[in-house]
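Okay, so here's the structure we're looking at.
For clarity, chains are labelled A, B, C, D, E and F in written order, and residue numbers in each chain start from 1.
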Amino acid sequence: MKKVVTLGEIMLRFSTLEGERLSETGHLTANYGGAEANVAVSLSHFGHEAYFVSKVPDNPLGRAVERHLKSNGVQTDYLLKGGNRLGTYYLEAGVGERSAQVTYDRAYSSFSQLSPEEIDLDEVLDGAELLHISGITLALSPALRELALLAFKKAKEKGITTSFDFNYRAKLWTQQEASEAIKPLLPYADICSCGELDAVYLLGLDKEDEALPREDRLKSYYKKINEMYPDIQYIFSTFRTVLSATSNKLQGNLFTDGELYQSKVHHIEPIVDRVGGGDAFAAGILTGILDGLSAARTISFATAASALKHTIHGDCNAFSKEEVLQFATNEPGKIVR
Amino acid sequence: MKKVVTLGEIMLRFSTLEGERLSETGHLTANYGGAEANVAVSLSHFGHEAYFVSKVPDNPLGRAVERHLKSNGVQTDYLLKGGNRLGTYYLEAGVGERSAQVTYDRAYSSFSQLSPEEIDLDEVLDGAELLHISGITLALSPALRELALLAFKKAKEKGITTSFDFNYRAKLWTQQEASEAIKPLLPYADICSCGELDAVYLLGLDKEDEALPREDRLKSYYKKINEMYPDIQYIFSTFRTVLSATSNKLQGNLFTDGELYQSKVHHIEPIVDRVGGGDAFAAGILTGILDGLSAARTISFATAASALKHTIHGDCNAFSKEEVLQFATNEPGKIVR
Amino acid sequence: MKKVVTLGEIMLRFSTLEGERLSETGHLTANYGGAEANVAVSLSHFGHEAYFVSKVPDNPLGRAVERHLKSNGVQTDYLLKGGNRLGTYYLEAGVGERSAQVTYDRAYSSFSQLSPEEIDLDEVLDGAELLHISGITLALSPALRELALLAFKKAKEKGITTSFDFNYRAKLWTQQEASEAIKPLLPYADICSCGELDAVYLLGLDKEDEALPREDRLKSYYKKINEMYPDIQYIFSTFRTVLSATSNKLQGNLFTDGELYQSKVHHIEPIVDRVGGGDAFAAGILTGILDGLSAARTISFATAASALKHTIHGDCNAFSKEEVLQFATNEPGKIVR
Amino acid sequence: MKKVVTLGEIMLRFSTLEGERLSETGHLTANYGGAEANVAVSLSHFGHEAYFVSKVPDNPLGRAVERHLKSNGVQTDYLLKGGNRLGTYYLEAGVGERSAQVTYDRAYSSFSQLSPEEIDLDEVLDGAELLHISGITLALSPALRELALLAFKKAKEKGITTSFDFNYRAKLWTQQEASEAIKPLLPYADICSCGELDAVYLLGLDKEDEALPREDRLKSYYKKINEMYPDIQYIFSTFRTVLSATSNKLQGNLFTDGELYQSKVHHIEPIVDRVGGGDAFAAGILTGILDGLSAARTISFATAASALKHTIHGDCNAFSKEEVLQFATNEPGKIVR
Amino acid sequence: MKKVVTLGEIMLRFSTLEGERLSETGHLTANYGGAEANVAVSLSHFGHEAYFVSKVPDNPLGRAVERHLKSNGVQTDYLLKGGNRLGTYYLEAGVGERSAQVTYDRAYSSFSQLSPEEIDLDEVLDGAELLHISGITLALSPALRELALLAFKKAKEKGITTSFDFNYRAKLWTQQEASEAIKPLLPYADICSCGELDAVYLLGLDKEDEALPREDRLKSYYKKINEMYPDIQYIFSTFRTVLSATSNKLQGNLFTDGELYQSKVHHIEPIVDRVGGGDAFAAGILTGILDGLSAARTISFATAASALKHTIHGDCNAFSKEEVLQFATNEPGKIVR
Amino acid sequence: MKKVVTLGEIMLRFSTLEGERLSETGHLTANYGGAEANVAVSLSHFGHEAYFVSKVPDNPLGRAVERHLKSNGVQTDYLLKGGNRLGTYYLEAGVGERSAQVTYDRAYSSFSQLSPEEIDLDEVLDGAELLHISGITLALSPALRELALLAFKKAKEKGITTSFDFNYRAKLWTQQEASEAIKPLLPYADICSCGELDAVYLLGLDKEDEALPREDRLKSYYKKINEMYPDIQYIFSTFRTVLSATSNKLQGNLFTDGELYQSKVHHIEPIVDRVGGGDAFAAGILTGILDGLSAARTISFATAASALKHTIHGDCNAFSKEEVLQFATNEPGKIVR
């Protein structure tokens, strides 16, 4: 078991039932999640010793977070207790042509008001093989941006692999703000996600010719990124075709050693819950790299993990490595009895 | 806010959960609706001052109807209390190839036994800009047919726009009966729905050549109707392709000034609840006309409203005008966060 | 129908199911309420034209509040839209010896950040017969204290009856703070609640001899309060004996013209939901006064209303005046069929 | 297995969840029951071959009735299909001091419009040992009164034991009407229920002195009834003390051979659902008589059966004879494991 | 009504809700079913007098089985009570690409330990027109294999039609074991199911050329089987195309008199619950044969019955013959109202 | 944090909803528990490092057990995976006079077939301060009796405190069998539970005079036990008065140093779920001893912990030490807000 560390916010998500509206319902399901927490959960189920670094209030909701993490095998040694509140948000489930609607209520959360000195990075990173942070953390406060940069620098010093997931959220900050916060971090990253839009709007690359095949455009962006940040060994992303809120196509991309590896296209229908799908994908990539899978198997594994996540409620992708591998190879939908 | 008036029956609908049969279940969801009530609800959410004229028993079910209407902003000043019972019906939800099954238990309802003199049409129509009634009301009793005709005549006198939705229900009356009841009303209608089958079987038009494109046939029917009833300024309908109980295609048609305007085709899948889909459409048409939208925008708005309705449980389409407009233009199914 | 006005905060309450813990559950019921909003709801069901003055965010939760109020007949003309968030709180239901637990998450709410000039008191109070505010509003911000005082002064000028409910919440402020905020308001109050503890700890009265009968002590406090604030014509409170979270005894007290009137003792068991029980009581008192009931009938009506509230889920006491009167006189628990 | 026959109406009952109001809820539980149907269900579980004679519509609700009866082992050979509708009613569950509220919607039901010639009494009664009808059936129509009388006469001729349960329902008819309908039947009854109020208000006996012990008064009434109708061998009733909708005390009375036998007093708390409690009691009495239990054991058995019924949802008392006997003798509430 | 007899195991199935995992859920739905029991249920709803022969424990679960069968009109005269336990299994519902997962817990069940002498075959088969058993019964014990063979032989002697459904379950036994158990039975079978894989792996036929059309290959297998077992008059199977756990295509095949009859292809989407789909199909075939439908109508009826089953929860296909016929001919998904 | 070890079986419990019968329901709640597992869960929430030693199948139910334990902070290092099945049982909830009914289906479970050599007692006990086992484990197999004895002996050698809870279950073994199995263990026990019935029927003590006060009888038994087994330093039990399945009185007894300490009497009403109440009590006793509380505070703490458990669903008593202490001292049922 390898020690892996993720750092970020975890929130309470309230979801409506399918076909019900937030403004009319009296029944909400509650579950706990956040980009980096979800990655930790998946990494734990994939056989790693995952630690999640964060801060939650010292109240029943904070205890619920702790319980959620422990039930998924995530270590809570670095989960601070204190501050004002747990961030929450509301998800009105989408159906068919109607999109899901997110209503955030995350301001003033304990994590968003964390100051860097509350975290002892030496202790947190001691013995770790991987550190993972996403762009959402950077968006929450200047102090968290500072903490993330410190953590990446210290990890680099200690020879710990660093992973950064762009995770751009338009409701949290502008592209300009995101760009300025992310760029200083990338020189210290070994692994990073990056979609086409990220490449153009956050990293400022020139738009490739739309007439080119999508994978060629992507490969071109990735090569340029590699020139800019030569330490980055792996760049990953997905092509997601949104047919409707209920039906998506998903293909994974992994770029390493100058080559682009692609998974098969998963047709995900119906989508039970797409929140956490990207985090399951990232955790799959990281597991492939940590466990020394080939790039081709890594991208197949990661995309399968993400597709599986879409078929269950909640942020948490509690599938084992064996289950994902079996899913990646079996005939889809075939019952065994 | 413009005063709009609809008149009709509202019932209690009992629905089974998906995949359960009425004869085997012990759990039913209850909601309130009826063609004209649903139109009033939508018109209210679209920003009009909607009044619903009807009669319900003076018991907890009558109070539930009142509560339902008020929660959707519908004015209940002309909702009479009294009579025997609230009409009910049972809907066994359809799935895939299996159709929904409707079991009516609506006989002897308070509304079906309303006599025309209980309604003070002068008061009801005072200051109104629109009056809307559907064929279901005509089917319930001779007295209601009389009331509807009186109301249309009075509205015409007062310069109030009148709207009639055919809403033919084979379980309520024969085509012959419907035809005889509807024809006397049409000379007083400014707006009316009319599908191909209505044109042929209720208005007695000759069947157009099946080899013609569907829109051409429809246009031809509409022209003839316009000749018969020159006061009708707008005729509307939908083309609905029932792929299964779970998957439909829907396109809206609006005929005015000799031209047929069509919306894009919505692929509605999965269908959460199609009851009220036609009423949402009618309310969309009426809103386009009341608010002075172009015919093209009106039909796009109305069809989008109907498609949205199919994605939520219940008869009630509680989307605002802004939400429908956004839905009509956005990429289908795309989450915003 | 008399126009009555209440002003305060309305929140989203999340409740666990009986026998479940907040930190372990994935299912929460959501309902909307707050002291003054609940009073408005009851007053509406008791036949008054109730207006609720507040501010909620312009998002689906704000729309849910609007819907909730409208469904209960409360006028929302003075419900502002804007600000950051809707206050929320979590209620872990108590059972038997185990108390309910409240976890507040109400800081930074739209209402708590309202500034007095956002409310046009002249318009709000125009034509009103009653203004009701509770101590919770005073606890939320200095600006709200100022607004409440302005409103009470203006109401007095206009000859509008004013009502103040102490509603002391130890989680919101200290007794010292409460005392300083409440005292300036009382000279402008015509009606106020005041329990024994309020009299001693908030108004600073000397503690009466514990050996005296409870009602004698209360009467003595009330006489002194009346000397201090001669404008107060009605003082009310309840004696609540908490046998357990599931079983309470409740007796209502109303003091007017130097006399103390008491209701019968209601044995409330089981308690379905006690939140809003005090607000139902206050609304009952106000209705008795507005409708000119005798003091004895008023206190009987108010206590019955409160007892009824305890038997239903949610803050909202949707019983009509007739239902409360019938309940107050019928044999308890007897089925009619 | 002895053939026993009951004849009456069966309805669909809609119930709210505890703590919810009919006018506000969207969730109803559905179950099927009616006085005589419930007696048949109990008799079947007590080991008899029970037949239920009635008429239900030929639609999914009629099929649900059939399914309900069959699942409880009741024979449906004499369950006619046809007519307009299944009678329904709504039960808003009571809690504590708040009573349950019944809203009937049973007019025009298939059974209420049954004509006597639809039932072949010779076939129905062939080989039967018992016929049971209740006063509700008499209340529904003159034709049903006629049918009941015919059936009782024919049963007498054939030497079949006849049982009549007064079951007076004030919402169905007046005491005067009931009295006139019941009296002609009693000369043909072998067994009948009769409470104190029935004796006075329906049979016209002089009120006994309230100062006498309750059982003495009852015994006196019963002796007089026996003089009036010497064929009646068993008269039964319960003393029910309604402490609240949640808590009742229940004692059973059985009069035979000039002696009154009483069960122990059951304290039923909490009451889960009291509908059908009287029918379970009647079925217990009938089983004691059919199976030749002593009067003392019969009344103990019947009252235990009724107490058990109060602890489960639905009209149906699916306890076996063994379970009731065990319950009647065991320490209350003791778990066995 | 014709007496038909099925013999086999019935189990308690626990199912997760869609989108939930067995290892994480606290809510399971319970229903009762098993291959031969499901066939009996369908045959009963199709108008036959169906008897189910089995053994269940004498405890509440055994009583639940009895109740389930009776509610579906199945006769329980030959349902023995005794033994250790009711077999159970857990079904984690599949969604889209993710397959359903079955976890069996059926060892040591009362039925699996039945000894042949517990069943009086003469009584069971007396007056029967059909006997149906599936391969699952053979897989459970040598004693049951012996019992099945005895029953088939006796049925043959008595001129009762015999039906055998292969129902191969890889989790219960190997192909080798199945092959050895099934072959001795087939000489006594009049009707049997047999898929392509069964033909090759259980009956040892040479694999047909994959280049041939599927129906040609099947026809060839069936001809060979007919040569091997000339008494078999009907062989049936389905072509199921598993697009995903949510979407299947299904076509029925029936071979008789040297001809292969095929139904139309049903596109089943969404699949609510596919357990019992094969049993509904078998019951449809048997009903067609028992009722003397043509082979073409039989296969159309059986496939429609199976498609319907997929649209409801539970093993039990409670559709009547009329409902299936209507479904087979109606436009799919069209609502009637 | 002190290492504490418990060893025993953990099962899946299926519970009906209140007011529903197992033989009629289609909805079951699933939760995981067992005497020693529940003690470990409580000890973990009370601040100890609890290890649970057991064996569960390597399937989703085994994984669910693991998840359950981890979510409660219990270490699963010694939870073996393998064997046939997870033991299950069904609990039909009791209400009022009607008792709960337990239906066991636990035979052949993985744990019941564990052989002693599968457990490395040296590793398990290394560094532990406490070992706890209950009589249920002894009842399951001779091998488990042997394992328990070995474990107690080894613990004694290592100076680890040993605790034994009689937990006699009449459905698992006879008093004679239990007596023979328990007696050899007691010389190695430091702490043990023992009720009056245990003392008489399992340890063979002469029955004390029923005329004596209950606590005197108990004290006398405990003194004799102490003479027989001088190593036992603490003996504990509860006095439980079963008023009904919904209402119990509970008082705790702790005997040490020749003195009997008693808690106050808790009136537990309503009882939400009494399963695990005894385990919560035992964990409270053990925590008092481990943490050096006085005997008086220990028995107060333990009884409060048990009373709390009765107010929540499931076996698991997820209250912290602070919560129990607060509950033990607060006014019962008082809400804090």
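By our rule, a contact is a pair of C-beta atoms (placed from the backbone, for glycine too) under 8 Å apart; a residue touches a chain by one contact, two chains touch by 3 or more.
Bear in mind that the values here come from a model prediction, so they are computed numbers and not experimental data.
Visitor: Please identify each chain that touches subunit E as well as subunit F.
Guide: Shared contacts of subunit E and subunit F: A, D.
Visitor: Between D-E and B-D, which chain pair is linked by more C-beta pairs in contact?
Guide: B-D
Visitor: Just the number, please: Cα centre separation of subunit A and subunit B in whole Å.
Guide: The computed centroid separation for subunit A versus subunit B comes out at 45 Å.
Visitor: Between subunit B and subunit F, what's the gap in Å when you average each chain's C-alpha atoms?
Guide: 63
Visitor: Would you give the residues of subunit C that are in contact with at least 2 other chains, written as numbers and ranges?
Guide: 21, 23-24, 67, 101, 270
Visitor: Which pairs of chains touch each other in this structure?
Guide: Touching chain pairs, listed by label, are A-B, A-C, A-E, A-F, B-C, B-D, B-E, C-D, C-F, D-E, D-F, E-F.
Visitor: Using the touch definition up top, name the residues of subunit C that touch subunit F in the complex.
Guide: 18-21, 23-24, 94-102, 104, 169-171, 242-248, 270, 274
Visitor: Note which residues of subunit D are touching subunit F in the complex, please.
Guide: Checking each residue of subunit D against subunit F gives 266-273, 307-308, 310-313, 318, 327, 330-337.
Visitor: Where on subunit E does subunit F make contact in their complex?
Guide: 14, 21-31, 59-61, 63-64, 67, 84-86, 88, 90, 92, 101, 103, 105, 107-108
Visitor: Within their complex, state which residues of subunit D touch subunit E.
Guide: 67-68, 70-73, 318
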